[in-house]
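Each of the next two complexes has chain A plus one other chain: chain B in the first, chain C in the second.
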Partner chain A sequence: MSATIYRHEFLARINSVLVWSVSAAAFLILVFSIYPGFADEAAMINEIWAKFPPELLAAFGMNKLNMTTVLGFYGFMLIFIQLFLAIQAGNYGFGLVSIEENELTADFLLTKPVSRSQVLLSKLLAALTSMFLTTLVVWAGTLVCMALYAGGREYDSSTLLLMMLSLPIFQIFFLGVGLVVSLLVKRVRSVTPYSLGLAFGSYVLAAFSGMLGDVKLELITPFKHFDPAYIVEHGALNTPLVLLNLAVTLVALAACYILYIRRDIPAVS
Partner chain B sequence: MNIFLRELKANLKSLIIWSVIIFLLITIGTAKFSAFAGDPESLKLLDAVPEAMVEALNLRAFNLTTVIGFYGIMFIYFGLMGAIAAAMWGTDIISKEERDRTVEFSLVLPVSRSRVITAKALAALVNCAAFVLVTWVFSIIAVQTYTPDSSFYSFLALEMQAMFFIELIFLALGLLLGCAMQQYKLSGSAAVGIILVTYVMSVISGMQKNLDFLKYFTPFKYFDAGALFRDGAIDGAYLLLSAVIVVVCVAAAYWIYNKRDLYI
Partner chain C sequence: MSIIEVDKLTKYYGKSRGIVDVSFREEEGEIFGFIGPNGAGKSTTIRLLLSLIHPTSGSARVYGKNVTTHGPEIRRDIGYLPSEVFYYEGMKVIDLLKYSASFFDGDCTQRMRELSEYMELEMNRRISDLSYGNKKKVGIVQGLLHSPKLLFLDEPTAGLDPLMQRKFFDLIRKENARGVTVFFSSHILGEVQRLCNRVGIIREGKIVEISDIRTLQKNNYKKVRVMAKGLKPADVKLAGVTNVQTDNGTLSFFFKGDINAVVKKIGGMKLEDVTIEEPTLEEIFMHYYE
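Up next is the complex of A and B:
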């Protein structure tokens, strides 16, 4: 690994990490502040919600989670946190190597006495560090929420831990898939449409399969691989789906390596 | 005119990709809907609820056993798709010139900056309109097997108008961001941020009474499928609010872009 590339990549992303992590944690804490009111009126709210059309609730993932419990509410919030982190990870993945070609710095970088595998490894590690920093802040936000708003209500801390720990695996999936897609296409002009498409696409698919009770769609979308409703209900991860997710990530990363080593990089004329 | 045509051509690929996405969404949706259509079990549930309650809670608008109910749900996704597409088109059409280092070229052409924005905005607008029309046509084709009556078609027409208004709001926001942000990379990120925040607000605003005020801040709530179904029309107050947002954003975009320093 090249420390110089790692440091440069990490510093280039530090502002973005700051904005993403602070807004994700702030969003978590802000919305969680309505939870005590929710829990106090548990009976009434459950009664009202029972009258909502179930399809509408399912479209937002509200049907399987009992939102008057701490974990149920956190699980509901986690879907949005996942959406946040998916977009961020997608951004980093799609932009990781394509940015050099867009900004015409690829030939500068690749003529340095560092092998391509070293370049890719350093860049990947820097992106992973950036993502993990965001996760750390989200974790801290979670603990703040629990300390401030759980108000002594009972919850299973191992389930909470499981939900928190599922986040990094979820993020790496989007990083890997984003990276491999960016290497498969000829040129990534702009990163945002790609990452938005990937993140919102899989989010909508997950919401869809929740609404229509479908099983097959579950296999494609990572939002179902790490479905908070499932984790809360069973107190465990959905092992086959998580393994599938990990396998896809590993294949994607391996493919990235091969593709990047052999990639034809357009030179600046 | 040349800029307008050039932009239309450049955005055609993106429009086609979005059309394919919406086509897939509608196809998957209708395929799954077939399992629910006319399911007597779910219909019985509805009969048990008092009529007044059905009206108050929009149960009919989201009743998955009817085509109308199915489209009430689908509208959430149509709105989201339209918003993302429009915001991306809006920011990209302005900021790509700086990204691709063509901004000096396009601005030394013998046209004023205002003319450039007008041509680009119109091209994006045509794209948005085309996207709504594509959604509309796909929808009509997809539901033919369920022989919908005329009330469905008028509801669909209303939904498509609402989708177009959501697109207009986000297109105007996107244009403003593209014009106002000094760095082209930031405009896309800012658009993403706004979409995320407004979408999340639309979901949580219904959760509790004292969060109800949030509905004025999120365009997704201006056009609610339940309200559309109940009133049979788009709420005039929200329509006015949307118009104000669009006009302010577009005016600000022109004003800022005319005096801004370019990122080269």
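Up next is the complex of A and C:
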């Protein structure tokens, strides 16, 4: 790995990390501030929910989550945090090598005395660092929420921890898949449509999977692999699905390595 | 010692041709000109040698090492100046140069300053604010700052004004005098003629000629022009004479063969003027492309 590339890559993303981190944590804390109201009016809230079509509730996982409990509400919020982090990770994944190729700076970098694997590894580590900085801030935001708004209500802290710790694995999935797709398509002209597509696509699949009931969509969408409703309900991760998720990530990263080593860097066209 | 050895190097991009069976050698200390029109495969060859792309078949060695397996090692002593330069837009010139230098062992600061001063490059400006010519100067400085032993120049003068072009050529000559080997690709024959010892001519992905630049000119035809009263094309009827044109008492033609034959022929005439010229590379070049 090349410290020079790592440093350059990390600094190039520092503003983006700042914006994503602050907005994710701010969103979490702001929305969580309505939780005490929810909890105080539990009976009324549940009555209102009962009037909603069950399909709609299922789409947001609200049929399984009791939003008047601390973990239920946090689980509901976590879906949006996941979506947020998925877009960020997708951005970094799709852009990891494609931005450099689009802006034609890849020639500059790859004519330096570094190997392709060094370049890829340094870039990946820099992107991981950037992503996990955001995760750290989200974790801090979570603790702030608990301190400010849980208001002495009971919750199982190990389940909360499990939800928090599931985030990094979830993020690496989108980084890896984004990267491998960017290496498979001929040219990624703009990163955002791809990352939004991947993140929202998987999210919508997860939502449909909830609505339609017994459809095996949970197999292909990471939002189901780390379904907060499941974690809250069982106090544990859905181990087979998490293993499946890890396997896909590992295969994607291995494929990235092979593809990038053999890649022909496109010239000006 | 051969610095570059290219053996039957072939590159296809899917079905479209890059280069086919290209073979040549470049010796240490040479300035090798690589000429051909756009799309002939000049850049493809350079990109293969830099292992930016991988060959379909054949092999290439630089410093005796295979470019596909020993890329990083080879690139320690290579400088590359592409025809169009692209750098990280948000960076300042000085930061980009430092980033570039950080890939190499040793301290390049002194040389960086010298080169920037020589090329009149302002180091504190942002890359995005630079004109094309100024970006090109950044390219020159970053390509040379680590004192490479081999330089790849891919149509390097595009975007430089004539004054800068001359400075650049002087710089390349100076480097060459220090023992630096130069691989110079261009479609501007004048600059190749000025700078190179040997040339390779590439056409539609294939090498059509590799030769010493002097031999290329010598073995080619001469341009002869004679001025005398009442000259007719029939007066210079000789084997090897082509392209005869008369214009108001001036007769000009191309000649290839033993020059004595022509001299003898026109020696018997009462001449007003005579010139015998070597063709420019341009004219030779056109000959290969006809």
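Please note the rule applied: the second predicted complex is superposed on the first by the 266 of 269 C-alpha atoms of A that agree within 3 Å, B and C clash if a C-alpha of one lies under 4 Å from a C-alpha of the other, contacts with A are read in each partner's own complex, and residues count from 1 in each chain.
Assume a contact is a pair of C-beta atoms (placed from the backbone, for glycine too) under 8 Å apart; a residue touches a chain by one contact, two chains touch by 3 or more.
All values derive from a computational prediction rather than experimental measurement.
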item	value
Which partner, chain B or chain C, touches more chain A residues	B
Contacts of A:P193 with chain B and chain C, given as first, second, both or neither	first
First (chain B), second (chain C), both or neither touched by A:S23	first
Touching partner for A:V31 - first (chain B), second (chain C), both, neither	first
First, second, both or neither for A:R262, with chain B first and chain C second	second
First (chain B), second (chain C), both or neither touched by A:I87	first
Contacts of A:V204 with chain B and chain C, given as first, second, both or neither	first
Which superposed partner A:L161 touches (first chain B, second chain C, both, neither)	neither
Chain C-facing residues of chain A, complex	2, 4, 8, 12, 103-108, 110-115, 118, 262, 264-265, 267-268
Complex contact set, residues of chain B against chain A	14, 21, 25, 28-29, 32-33, 35-36, 49, 53, 57-59, 62-64, 69, 73, 76-77, 80-81, 84, 88, 92, 96, 99-100, 188-189, 191-193, 195-196, 200, 203-204, 207-208, 210-211
Chain A partner contacts - residues on chain C that touch it in the complex	13, 43, 47, 50-54, 71-76, 78, 80, 82-84, 86-90, 99-100, 102-104, 142
List of chain A residues in touch with chain B within their complex	16, 19, 23, 27, 31, 34, 37-38, 51-53, 55-56, 59-60, 80, 83-84, 87, 91, 102, 189-193, 196-197, 200-201, 204, 207-208, 211-212, 214, 217
